[in-house]
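The same subunit A turns up in both complexes below, where it pairs with subunit B and then with subunit C.
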Partner chain A sequence: MQFQLDNNSSIVRMSGEFTFTDHAQFKSMVTRLFETKDAPVVIDISKLEFIDSAGLGMLLLARDEAKKNNRPLVLRGPSGQVKRMFGVTKFDALFDVEE
Partner chain B sequence: MSLADMQQRVIHALMAEISSTSTFVETEAEALSGRFQRLVLSADQQTARVESLTNLAIGIVVDGEVVPIDRIAGLLENTLSDVVEKILLLSKDSMSMVYALDELNANVARVDKCMEQLGGVNRTTNMLALNARIEAERAGTAGAAFRVVAQEVRELSKVTQELAVSMQAELATVTDGIASGHATLQRVATIDMSENIMAKDKLEVLLSALVRRTDSLTSIVSDAVREAELMSADVGGMVTGIQFQDRMRQRLEHVVDTLQVINQAIDELKHSSIAAVPALATDAPPDLEWVKGLLERFTMSEMRARFVAQLLDGKRPDELPDHGPDASGPSESGSVELF
Partner chain C sequence: MAGTTPPNATGSQRPDFKCWDGVSASSLTLALSPPVTECVEIDLLDQYNKSVHGQRILGHLSLMVTTKSAYRQPVGKAFVEAMAIRTPMPEDLRERIYTAIQEAMMNAVLHGNLKIGSGARDSLEGLMQTHELIERMLAVPEEARGAIRVDAIWNSKVLHVLIRDSGDGFAKAELPSSEDIEADGQIASGRGLSILEAICDRVVLLHGGRTIKLGFNL
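Up next, the complex of A and B:
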């Protein structure tokens, strides 16, 4: 997985495949995201091609982090396999998912 | 007088023909009625079978209870949703533990660094104690107290060093435990369950298709039940309708009876005429032209043959080899000659 997080921005763009091996990188990224002050925190996943169950678990942990920090978390632009996974797991009921 | 004789023969032939036709129709009608009754029975059985198909189409029988397909689909859907929810929970908890172990690993690394620093401090302390001892020896008697302090510091450094070694050994065990736990958790967390999650998607599509097919099947079977019931009713009506032969037989009996009366009247007229004019009693040849004209009107050859035998040869109906359309009963091919 690759991600792009601009300095002091609360928007991150993820691309490629999001799997277990990305856990350290993702955790660090989430920590940096919630250090910003802007609301809401947005994870742009429009370029994300694949997500596995570990990836879904990490997004749920990010959601817990958002709740702890009292910050809205938006998942933006899911498509393809990612969108189908969101549909099956009813992620749109757990997250604010923007098309 | 020959005309009167011929007319009486015609009347006898007609009476015989009517009687045999009546018998023929009655026999055929009864046979048809029997077939229709068997058809009614088959239609009723067919209706019952189609009705039992309705139950099969609606659902599956479990412990004597019909569980509808849509309810089965609902149960499966709920079960699959539950499985997906648990997979998500498992994934989240696994990743949470991975995060916690990463943190713990970082803490242990920091402690390890502290232990290294502690070892450095200990080495320095030991060196200082050694130097203090050398200086105390060089001072002679005046350094006696200083020598004792240097010795104590050296002892303290030795104990601290032993403690540090012991702690490092314990820390190594903890590090190994964390590494082992991390590896185990990684194996659990890297089991990709996305295919299992997507299986729910596929199963939902299949279940929807199954429910749609069941609905179609139920609709078709319902139509078939209605059609089968209509067919049973129609065949039942046909059985009732075919009971016409009783009325027909009664009517033909009236006709035969009337012909009998006419025959008697002709007979009486013939006798009264002979009584009045005895010359009429002499036998006169039959009027063959009249008979020929009559027979030419018949389009059925077997009927014409019977009339020839009775009118011209003077045979009685019971002397004929076959004195009916088919006195032996209904034929499979149908003995009615169409014209």
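Up next, the complex of A and C:
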């Protein structure tokens, strides 16, 4: 998995495949994302090609961080396999998902 | 029967057998290239030679890898690509098979061979501690060399993928149900089996949970 986070932006763009072994990248992404202040956090997943259950679990941990920081969290643009995994696991009901 | 004799250490006796060096995804893709039907990671060759080999069948691909490689390398992806070369499958089916193998492989690594529970990953700290634990375990040769075997068998109508680990197995009743997970909404792990049941046409646990058989209609 790769992510792109511009300076002081609270919008992160994920790409590639987000799986069990991406924990270190994920931790780095979440740490930097919540260093920003006073804005909804947006995780743009429109370029994410594949996710497994561990990746879904990590998105739930990002949601927990958002709650701790009193910040709204939006998942933007799931498509393909990622969208299908959201459907299978009813993730749409656990997150604010923007098409 | 050409396949009843185990190959020598280089695998040179049989064109349908290759050893994988365990180094990279590209070397695995090469090792799985046709006409290979059986591929074994080099560290498991002794174990493979001691096991019983059945009669070769049409529409079969088999891969045996270590826990370490299953954790570090994109083994599932390489295996699905190798299958897709041998039997045509629509993109949607290929995606479901890849998703299923990825889930089952990680279950085999974590819960099967390394015997690590899911609950520890329900926090960011727990997630990092779990991976630190995995790294410590994989530094022990006996743990790193645990075997995971993946077999695909197909005909014109169905494809089955069997994933076998070297663990103690489990009972399905020990796992949280998909209803439990949905009702909670907080559990960051433990969704693997319910995902498998949703995306495969059939899921069967065998050998006390040490083998999972995933069925797909072609």
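Everything below uses one rule, namely that the second predicted complex is superposed on the first by the 98 of 99 C-alpha atoms of A that agree within 3 Å, B and C clash if a C-alpha of one lies under 4 Å from a C-alpha of the other, contacts with A are read in each partner's own complex, and residues count from 1 in each chain.
One rule holds for everything that comes next: contacts are C-beta pairs under 8 Å (C-beta built on N, C-alpha and C of every residue); 3 or more make two chains touch, one makes a residue touch a chain.
Bear in mind the structure is a predicted one, so any value in this text is a computation, not a measurement.
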Clash or fit: what happens to subunit B and subunit C when subunit A is overlaid? clash
First, second, both or neither for A:47, with subunit B first and subunit C second: neither
Is A:19 contacted by the first partner subunit B, the second partner subunit C, both or neither? both
According to the stated criteria, A:76 is in contact with first (subunit B), second (subunit C), both, or neither; which is it? neither
Dominant contact partner of subunit A by residue count, subunit C or subunit B: C
Which partner does A:88 reach: the first (subunit B), the second (subunit C), both, or neither? both
Once the shared chain is lined up, is A:32 touching subunit B (first), subunit C (second), both, or neither of them? neither
If we overlay the two complexes on their shared chain A, which of subunit B and subunit C does A:60 touch? Say first, second, both or neither. both
If the two structures are placed on top of each other, which part of subunit C overlaps subunit B: 62-70, 80-88, 98-106 or 152-160? 98-106
Doubly contacted residues of subunit A, that is, touched by subunit B and again by subunit C: 19-21, 23-24, 27, 52-54, 56-58, 60-61, 81, 84-85, 88-90
Enumerate the contact residues on subunit C facing subunit A in the complex. 71-72, 95, 98-99, 102-103, 106, 121-124, 127-128, 131, 182, 185-189, 191-192, 194-195, 198-199
List the residues on subunit A that touch subunit B in their complex, please. 19-21, 23-24, 27, 51-54, 56-58, 60-61, 81, 84-85, 87-90
In the complex with subunit C, residue positions of subunit A that touch it: 19-21, 23-24, 26-27, 30, 50, 52-54, 56-58, 60-61, 64-65, 80-81, 84-85, 88-90, 93-94
Applying the document's contact rule, which stretches of subunit B touch subunit A when the two form their complex? 81, 84, 87-88, 90-96, 98-99, 102, 186, 189-194, 196-198, 200-201
